[in-house]
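When the chains are written out, they are named A, B, C and D in that same order, and each has its own residue count from 1.
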Amino acid sequence: MSAAARKSVLVVTRHAQPGRSLARAALDTTLATAAFDQPVNLLFLGAGVLQLIPHQDSSAVGVRNLRKVIDSMPLYDVEHCYVDTDAAQRHGLTTADLPSGAILVDVAAQRALFDAHHHILGF
Amino acid sequence: MGMAVALNYCLLIMAAPASGYTSLTAARFGAAVIAQGHILPRVFFLDGGTSNGLATAITAQDEKSPLTEWTQLATAHGTELVLCVSSAVKRGLLDSAEAQRHGFPAATAHPQFALGGLGLLVEAMQSADRVITFGAPE
Amino acid sequence: MLPATAFDREGFLKTRQAWSPAVAEQIAAGEQIELSAAHWEIITLLRAYYEQFDSSPAMRPLVKWVKIHLGADCGRSVYLLSLFPGSPAKIASKIAGLPKPDNCL
Amino acid sequence: MLHTLNCSPEHPALQDCLKLLRAEDALLLLGDGVYLALAQCSNGQALQATGAALYVLEADARAAGVHARLALGFNVVDDAGFVALTERHARQMAWY
């Protein structure tokens, strides 16, 4: 498949975890798309930013630590992820809390992301 | 409305059949896509959506069964129905290979659904002109 | 030697805590692999990956992870294939006592 | 682009959708989303203010009883109409 023929995918993750498995599904889809060498970006929108709270310890509930998996994205060559500025502020997340390579995006920049990809997957 | 070219569609289903009628809407949409002259080579079921492939789901006689709607789509038009394998096995949906691997006597996924990796979604998205997602609030 | 009941049907350790270097040798023997220093480098890196990212890597991130830590000569899929023929991410994870890399990846 | 909204008027997804909705977009209400098309729904009025083309899926509107008390400005589409919306718009975002 030539690079020009590749279709880019924007994954929009809008739900918090560990309450819902959708957050995990969004991340798995992002990683799988990247693992198959297809262009993909991940946007944390609304309550989705809550997935980024640092120092998560899910050992007592017995599920995988989602934030740690999020931190592996650069190894899948997903160098950047996009984070809803308003929602981050609303939930008290600062730049220091975010994964390396995170880019804060206001509504206009979020919309530009929507328009810049071939497909959008809403989780 | 005139349509110049047939488009290639891929559906991504996240809605579970028992939590509302979104999966019925999605199956109807799939049929309408084909009726309008487009092609629908693959429907990918992810997360709660994988329950659409549960062979043992019982629907009341006077209601529509999502399982029947999906399998009719597959039978009539050759649409491939793929359940994300890790979402599926978590929910007890096993094909005969997975059932054997985990030591269960029989498959619980309907035989017209295949278990497969997210790579099959990635592949479908690459060839699709349209990817339409169906999710539902819990 | 751990009994067969310590492993699942595909030979992955059921509990990560049961792992030891001796167990790694046992699993590797089952895969017809004799562990060399080069194998151990990768196994140690894989266990560090799991510690940091709470998941077993797919092939692509594994290659990159190895490249970061051992340099470009080792951070290549052919190199990993020569050590763990067939499916390096899966086989090396198995020997390192980690869960099977996610089916979906 | 096409937005589909499948949640009640009280759900936070609506606020996110409202922020991203542009006048050149289309929005199709599905499932519990059809309640936004009720006359008198203030959130429905906020949707109208975006200038986007607003649609309600016929089967779902009927199932909810909304078809009989639809606000002006919401167009009813059947399944073929839904497909036509996806023909016209290359991208879809599902809000739920």
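Just so it is clear, a contact is a pair of C-beta atoms (placed from the backbone, for glycine too) under 8 Å apart; a residue touches a chain by one contact, two chains touch by 3 or more.
From a predicted model like this one, the values you see are computed outputs, not experimental measurements.
Set against one another, A-D and A-C show the most C-beta pairs in contact at A-C. As a whole-number value, the distance joining the C-alpha centres of chain A and chain B reads 25 Å. If each chain is reduced to the centroid of its CA atoms, chain A and chain C end up 27 Å from each other. In this assembly, the C-alpha centroid of chain B lies 34 Å from the C-alpha centroid of chain C. Residue positions 102, 104-105 of chain C each touch two or more of the other chains. Within chain B, contacts with two or more other chains are made by residues 84, 86-87, 117-119, 131, 133, 135. With touch defined as above, residues shared between interfaces to two or more other chains in chain A number as follows: 28, 32, 119-120, 122. Interfaces, counted as pairs of touching chains, are A-B, A-C, A-D, B-C, B-D.
Per the touch definition, chain C reaches chain B in the complex via residues 9-10, 102-105.
If you check the complex, the residues on chain A that touch chain D are 12, 14, 45-47, 107, 110-111, 114-115, 117-120, 122. Considering their complex, residues 28, 31-32, 34-35, 37, 64-65, 68-69, 71-72, 75-77 of chain A touch chain C. Those residues of chain D whose C-beta lies close enough to touch chain A in the complex are 1, 12-13, 15-16, 19-20, 22, 90-96.
Note for the complex: chain C touches chain A at residues 49, 52-55, 57-61, 64-65, 102, 104-105.
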